[in-house]
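A quick write-up on the structure given underneath.
Order of writing sets the chain letters: A, B, C and D. Residues in each chain are counted from 1.
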């Protein structure tokens, strides 16, 4: 039986890596993926707690998170497409103006 | 060593099962190509392959040899890693999906071990299957992208979009069945059909989900089958590899064995889908006849023995020497198998399930090929609008109706 | 008790009139305006009469009658309410203010008939009435101070009534500022009183003060300091040395204003305050002495200046200053009833003098210089008669009002223990000068041959609306003093008797022995005073009727003195040099350049620029670069996590997942 | 060292490797593949914790839909290797330390709180999907419905965003 805090620490590490990825990547799509990574880390923590406490709520929350992530992906990628269409660039550092 | 085996016999057995299943599936794949080409040819009133071996029976072997031996060029400017990863991914996932499928109801008793037909029986079996098929898309998409070829890219784009779109319908159309079974495990689903209250209380084929109450899953089945065909990129949904438009689509740049991998993956997923159709909607290994009709248990022998005799006769009057030698042998083997079933009731009883299941699978494979032979390919916008505007609502309606019926029936 | 429960009506009426005229009057014809103004004042006069009638029926223990209407300020245990009080002193002031005020209102309707801003004038005048009534009715120093400042305000407004004339506007400002100086002292006095007694309501304050021991002479105790501070305010308001300078300039205002505010009522407010606080003053002999000296000095000083002024109104102004000096002299020698008595009579005849001079100016078509008048007695007989009456009254000829009041003041001065003789001497001298310059005024104005161009100036008698008040006031200044007459044949001085309940505590005027000596001295001193007045009269006759050329020769012969007097001892110039210039310099260089521009504006602009620079600096964090934003978010997350989890960074603490 | 632990460490290694390669890969496709690896490994961890349904959903939705969408977009926009601009000085020097600090904080907090997490009774038994369904459709039915609305809105938004103006 794996101790719960192993999972928690793993999720912490994944989250941190997600943050670093967010900060260090310049491609909007990659940044978006790093957000997904963070969400996944949180999901892991949820599941770990739900197992530790013998409560299924954690898993329900994970389902919600996944749904939200799906919606987010749909809208976010739409936005990315629009950005790429308007700016001819996916580099966030090139997208630093409110209007063209 | 031996005690290790003693302790971990399960592992050993599983490994053996995997080996056997792999062999079977690959062989079936090979001969499926032969079968398809023959059938299409006859639909188009041609002969099809008939040079390599009698009735071209050795054609698959020749093709296999050709795949293995042909030069394997890697185009310039491809993304090596992904380029090599894609076919592996496709093949691996396709083969993995077979693993959760059970092929027979009752286990073999061997040295105190109950050996079930089928590798694993997950209690989320169907979900796992969907998961694996869902991942299957990467093979195609990545192949298309990594080939550094615009046609391939289009293929990949199409396949990914198409798979996402139809996966929804695929999953939704199954929900009806899941509602009626209340389980995810395929074995449990089949058992549920076995124990289900048949339509108007009739037995046999009326226990199957396709016909059984409270709400026959005809709509669900149609949605599922169409979506599944799309998932497997088969005609009339084979846009990712539409030769006429994309010169082969995502696998344009793949040659020899890597191409073979895609090929095998495709046919394997065909088989998987056929298995799913028969298990989810057509009662899996359940016989279409009521249990009281005991004579139907001899149906396998009754089919096999004449078929074997016909093969022998056909071989004897075949032109080539090779044919004269080999075909009667095969026919003899088949006839002997039928006779064996006839002689050993236990064996006969055991093979009932697999027999029915395999025959159903064969039927669906036949339908696959049949559709390819008859239906023209969809246009892309048609594909999308069909998937989103017809298939998805239909499957959702199926879910709602099934749930309503179940509630009405009060169970 | 009818109106006594509704004392607030008395001041409220003029306020109403003022509001109506001020807000709506501009649209109304003069008739409505005057009806409202005069009507409101007259009604409040009637209300005052009714109040007095009821007051006389009050049981002695209900006096002073205090009515608390609403609480205005509450801070800690301090309460300043809108409380009105009425006692004998208030009764006198009330009647004087409302009565004279009413007459002057009537007069004004005629005098101002052709002036612009008719409604404005009456609005201000009613406002003044309101504040003056508040002043006299107030039951605590705070409310009194409201009236005090209010009359200052309305006097400012009225002096600068024709604000298009720079001199008028300046005069208004001068009056206001000089008053501020006094008011400052007044406020300090109030604070000191509050600090000492914990209240500013008259009744409890005086009740607390009475038993306390008086300060020794020449010793600056609390009482002395408080009284001196209050007296500073009184000086400012009542134009005593050294703050008298504003009053002569205040003559820039319309004549009725001069009559009402700067002769009859407002300027006497200082005297009223001193009398009102007589208990405090009697506890501070030093302050009393100072008051007496200042009063005496002012009286003499102003009279000397009055000798040579040629502007009719200025003469009267200086005479007002000197008469006020008399009143303070009286208060200074603890003859409060005498002071108030003189206040009343002075209100009558000085108002009369001003109104009459107004009538003269009206007749002369705005001419104020006496050297361009003369021989008017035939043309404007009524004015002449009334003015003559007033002159006789002020110069103190029996049986006119001034005689009795001035006589009682001189008597009290003579009786007072500290330097009484000197005070008396100066008082007498002042009387001489008074009668001289008053008759000089009469002769220059009404006698001799006309010195004006008869073709330009068409002399005409004033309308009834102006003459009627003149006559009434003339009668009053004739009989106004008779209430005190019985003192001569041994009977009690009714006025003093009437005020006794109020001033009883301030013993000296009611001590029996003093009574006796007073009776003994009464007649001789009276005779002396009359003789002095006659002397002044004779000199005036000699100089201005018999030999009209003489004054010029005199002026030439003692030019220094003459110029000094003509330039009012150069006091204004001195103030300008000593106070105004330094103040201007200070304001320009320190307050304006250094403080305002250098400090305040600099601070404000500095803050603004700092904000700009800050924003300019911080702007760069808003680079629009998502990665930088991400870093900020991470920093925030770190902080939050640190805050949340800090307690858990110690092992074996539970609750993180709960 | 029992089997679950071994599996855990294997999967954890997969996760971390995938995450790191997500950071290091310079091509979006490779990053996406790394992320897929992470997700599959996570699904494995969920299985290990007995959350089978969630594991399946994780692979189907994340692996099968969301990431496919990502790859689809990457291919659609034909995104190339990302350019190495360094316009954000802040991210340049402060990024890594901060990220590591955050990681450390979280890990420390979790590690310190291990005891009380341990205190809670654990059972590796698979969570019956039926129970999950009951919870989801009884206790959490309103949030569930809200999510359906959310998805609807997201669909509309995506359509509006992706359609060309002139179309």
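Here, a residue touches a chain if its C-beta (ideal position, glycine included) is under 8 Å from a C-beta of that chain, and two chains touch if they have at least 3 such contacts.
All values reported here derive from a predicted model rather than from experimental measurement.
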| item | value |
| --- | --- |
| Centre-most chain [mean C-alpha coordinates] | A |
| Pair with more cross-chain C-beta pairs in contact, given A-C and A-D | A-D |
| Centre distance in Å when subunit A and subunit C are each reduced to the mean of their C-alpha atoms | 84 |
| Rounded Å distance, subunit A centre to subunit D centre (Cα mean) | 6 |
| Geometric centre distance via CA averages, subunit C-subunit B, whole Å | 117 |
| Subunit B-subunit D separation of Cα centroids, rounded to whole Å | 32 |
| Sequence positions of subunit B contacting 2 or more other chains | none |
| For subunit A, residues contacting two or more additional chains | 19, 23-24, 26, 49, 52-53, 93, 96 |
| Touching two or more other chains - residues of subunit C | 623, 625, 627, 630-631, 634, 657 |
| Chains touching one another, given as label pairs in label order | A-C, A-D, B-D, C-D |
| Contact set on subunit D toward subunit C in their complex | 87-88, 90-91, 94-95, 98-99, 101-102, 105-106, 108-109, 112-113, 115-117, 119-120 |
| Interfacial residue positions of subunit A with respect to subunit D in the complex | 1-21, 23-27, 29-30, 32-34, 36-37, 40, 43-44, 47-54, 56-57, 59-60, 62-64, 66-75, 77-82, 84, 90-91, 93-94, 96 |
| Subunit B - residues contacting subunit D, complex | 79, 81-82, 85, 122-124, 127-128, 130-135, 137-138, 141-142, 144-146, 153, 156-157, 160-161, 163-164, 167, 171, 182, 184 |
| Complex interface listing, subunit C residues touching subunit A | 623-627, 630-631, 634, 657 |
| Subunit A partner contacts - residues on subunit D that touch it in the complex | 2, 4-5, 8, 12, 15-16, 19-20, 22-23, 28, 31-32, 35, 38-39, 42, 45-46, 48-51, 53-54, 57-58, 61-62, 65-66, 69-70, 73-74, 76-77, 79, 82-88, 91, 95-96, 98-100, 102-104, 106-107, 109-111, 113-114, 117-118, 120-124, 127, 131-132, 135-136, 139-140, 143-144, 147, 150-151, 153-155, 157-162 |
